[in-house]
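First chain A sits with chain B, and in the next complex the same chain sits with chain C.
Up next, the complex of A and B:
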């Protein structure tokens, strides 16, 4: 197992390099640069000052050299300086990552709490009226875009009955910044994600449990005289969870960057909102940092999915 | 169980009649029997007619400002009221729908074209062609779709709808490409493909004339689902201020202009209709896709 994990980690390196080159080139192609943003265009000898500043900051060097400089800085945790927020990008990233992780984990917990029991319920009585009706409801919920749920929830629970905050990731007052405060602010966006995404899990659980319940060892368990509940708990459910665990890993990666729209809608200060604000202010160092980190987050999420799959399914041989 | 038995009996008794029908004909017949899908087709058609026949249903243009009646509630003059600039909400909903439906349709076409070409090549040739294309797909999967669209828009300085369609189209292809590659990889081993290859057919002829028709079912189903996704993507992007730029109307743009406390709490006639339009459109397209899936693949039959 350890050799497998190490091999996978080494295998990530070319992809990480590709991601960093792509991000670097993308921002290099973008109009304008840091110098234009920093100096006053009415200054005397504009061209001369520009040239001096470019030389000082190494912007006149060949592109590969500039890339290596940038990579060297990034590897030392230096993502440059944000034009619009006037502080180092690295100091903006910390709280944003924290907020995004809180939202992602909360949403994932809700998705599992709603999705898996529905799937189990459907698989216990497949093709029954209950199965059909819940399936149709799931399908409708899956089709409604999550931002429509978000607007609706915002209207009902933040405006009509002001129970939850409609904006921000932390509030003001004595509890500001505590974990409870964070969860309280992340709850509405998390519910909006969970209402649509739980369907993925209920369908997976249903399908997977139906597959497993047709296996020979389940029939053997029944033939041994085990109670139906025990057969489901010990034999069907545990084996049916194997594909779910993989999906879970992918989701964690996806949610890190996937909640961009909800973060924008709720002005929830995570990685998504940081990127959105940076894009509208053309704050390229911030965009580079968030794009890079989100892509790495997805990559790690996929790795975690594979490793978890190897752990829960002993049949999988990875050598 | 019961239905399967009767199915088998009818199959046997009408075997002669059944055999004479083409698979496409059978698929159409199965689709027509799906009530949800047919209802969805009707609702979607109504939405399409409302949007593309917009001048028939409103006298207002989506950009003209009625400065005497800004921010007015629904009235005989403005059926759904007006926004702060005095533009008519009903007109913006109808004309805006055109933009959403067009983005959905054209992006579906662009994405499916790219996916069929790349997925077809990867699935047909395998080997290094497959590894190169699939590495690019894997690479693209590391960037969340909507995030990449937002960043690309800022770099390309985008303000027009056609450029937005292109940006979305060139960002959304990895998932369907992987799907089509999978289809073609299994088809490559089919006997009739081998037969075609032995009789001297070229790669493109085999891909387009033999493998593509055989995988039409899954491709059509995925195209409809993709179209629903693209309509949602437009609305999501425009909702947070990217995507379609003002003064162009779109469902997402109407929602975006209603996202302040005052409008959200006191003017539901501003944001409920576009939200309903978006939801209904996506729901109908998904139900149609579901109906098509059942029609093309009877093994899914319940």
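Up next, the complex of A and C:
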């Protein structure tokens, strides 16, 4: 297992390089550059100033050279300097990752603790009135974009009853920056995500459990005299978890990318907001860094999915 | 004859949906004596498997339903027990093994887990003792390296071994009755013989009665003390095994016996019964076998046949068979 993980991690390196080259080219193919975004087009000697700034930032060199510079620096832990925010990229990334991780983990926990029990409940009494009514509600919630919930929640719990903050990832005051403060700020966006996304898990759980409950070994479990609850907990649920755990791994990867619209709405300083701002300002070093991190997140998420798969299903072995 | 261990009286198991009523088991009487191996024979769709699932009260819900009848085990009507009481009977007084050892074991639980689970459900002992008992039982059913096997998973075992594990699991609480639903159909011929031998050993060792469901008359000849032939949800013939092969009386039984291939037979074409089992949703009014019966008379199509004792201990559902049996 350990050799498998190491092999997978090493296999990520060429993939990451390919992704970074692709991002790099795409950025430079787009019209305009960071200098255009930085300077006022009405100043005197526009062309001269542009040239000087480009030279200062190394943007006049051939693209392959620029890329190799970037790669060399990254390998030395240096992600460069943000054009638009005038700070080292690494000092922007740190808080953004932290905030996104908190939001992602909180959202994922909410998704699981809402989605899976609903799915189990539906699978225990399939085609019942309870099953149909909860399914309809789930689908309605799933069809609504999460920013609608975000606006609604913001109105109710931040403005009408000001219990939760409507903005920012951290507050001010004595608790500022503590975990509790982080969670407090991430709660409304996390609930917005969970309200729609839990449907994925409730449907998966329901379908998977119904599938499993038709299997021969479930009949065997009943023939052994196990109580119905035990049959479901030990035999149905364990097997039904196999596809769900895989989905969970993929989700983890996806959530690292941040929820762009949601972070925008709550001005939540996560990866999504950082990336979208950087793109609009052609802030190459920041774009490269966030893309790389998001790619790493997705790849690690897939690896986690595969590892979890092997843990829940003894038939899966990596050798 | 002594009081039977299991007495099934007029058992009816139907599958009911909005417009149809499928009579899978339609008024069955079966007696199983202590220590007896009783074979239930019949084609697919004759209601054999539903009979065994009815005994376990594991008929697929919500459509399948035991409509009426009695299933008396040791003087207690199983159909009158609550679901909770019934779970105490399953795996303890009555056990069951299934046709497909490949799918009947849970792929994500270890063998040891799956066997000890039965013991822990029905006996008040510790996990360690239960595991010890599981290993003992695996050794008894001839599983090699039993100490390691308990830590392994079903996919690591061969089909024959899995069926041995199933038998160990079924027998570990020493039930009074073992239901085996075509336990050897999915196995190689050599393994089949071993598994049948093992089941006989179980009967001899624990005095367990066995209901063996099969469509393989070879298995019947090998194993049965008593044979019940089923057709279209009903018992058509019930007799001890020797007499069945010497003097089958029902036309269906005769046809079944004719369709066994024989090594020294002259004719090359194997006999097969024409037609198929009638649709269980709309049985004919008369004899259910009449359509396929070579001896059918016009009266057979009109009058439902009753199961009669034509000779001592030999029951037949055919009016053409005369008293004394011809």
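The definition used in the following text is that the second predicted complex is superposed on the first by the 282 of 319 C-alpha atoms of A that agree within 3 Å, B and C clash if a C-alpha of one lies under 4 Å from a C-alpha of the other, contacts with A are read in each partner's own complex, and residues count from 1 in each chain.
Keep this in mind: a contact is a pair of C-beta atoms (placed from the backbone, for glycine too) under 8 Å apart; a residue touches a chain by one contact, two chains touch by 3 or more.
Keep in mind the model is a prediction, meaning the values are calculated, not measured.
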| item | value |
| --- | --- |
| First, second, both or neither for A:145, with chain B first and chain C second | first |
| Partner chain(s) touched by A:238 [first = chain B, second = chain C, both, neither] | second |
| First (chain B), second (chain C), both or neither touched by A:225 | second |
| First (chain B), second (chain C), both or neither touched by A:279 | first |
| First (chain B), second (chain C), both or neither touched by A:19 | first |
| Winner by number of chain A residues touched, once chain B and chain C are compared | B |
| Chain B versus chain C as contact partner of A:294, first or second or both or neither | first |
| Which of chain B and chain C A:179 touches, first, second, both or neither | neither |
| Which of chain B and chain C A:264 touches, first, second, both or neither | first |
| Chain B/chain C common contact set on chain A | none |
| Contact footprint of chain C on chain A as seen in their complex | 215-217, 219-228, 230, 234-235, 238-239, 242, 312-315 |
| Touching residues (chain side chain A, partner chain B) in the complex | 15, 18-19, 22, 26-27, 29-31, 127, 139-140, 142-145, 147-148, 151-152, 154-155, 159-160, 166, 254, 257-258, 260-261, 264-265, 272, 275-276, 279-280, 282, 287, 291, 294-296, 298-299 |
| Complex contacts: residues of chain C adjacent to chain A | 56, 58, 83-84, 87-92, 95-96, 98, 100, 103-110, 117-118, 121-122, 153, 155, 166, 169 |
| Footprint of chain A on chain B - complex, ascending | 138-139, 141-144, 146-147, 150-155, 157, 228, 232, 235-237, 239-242, 255, 259, 261, 264-265, 268, 271, 275, 278-279, 282-283, 286-287, 290, 302 |
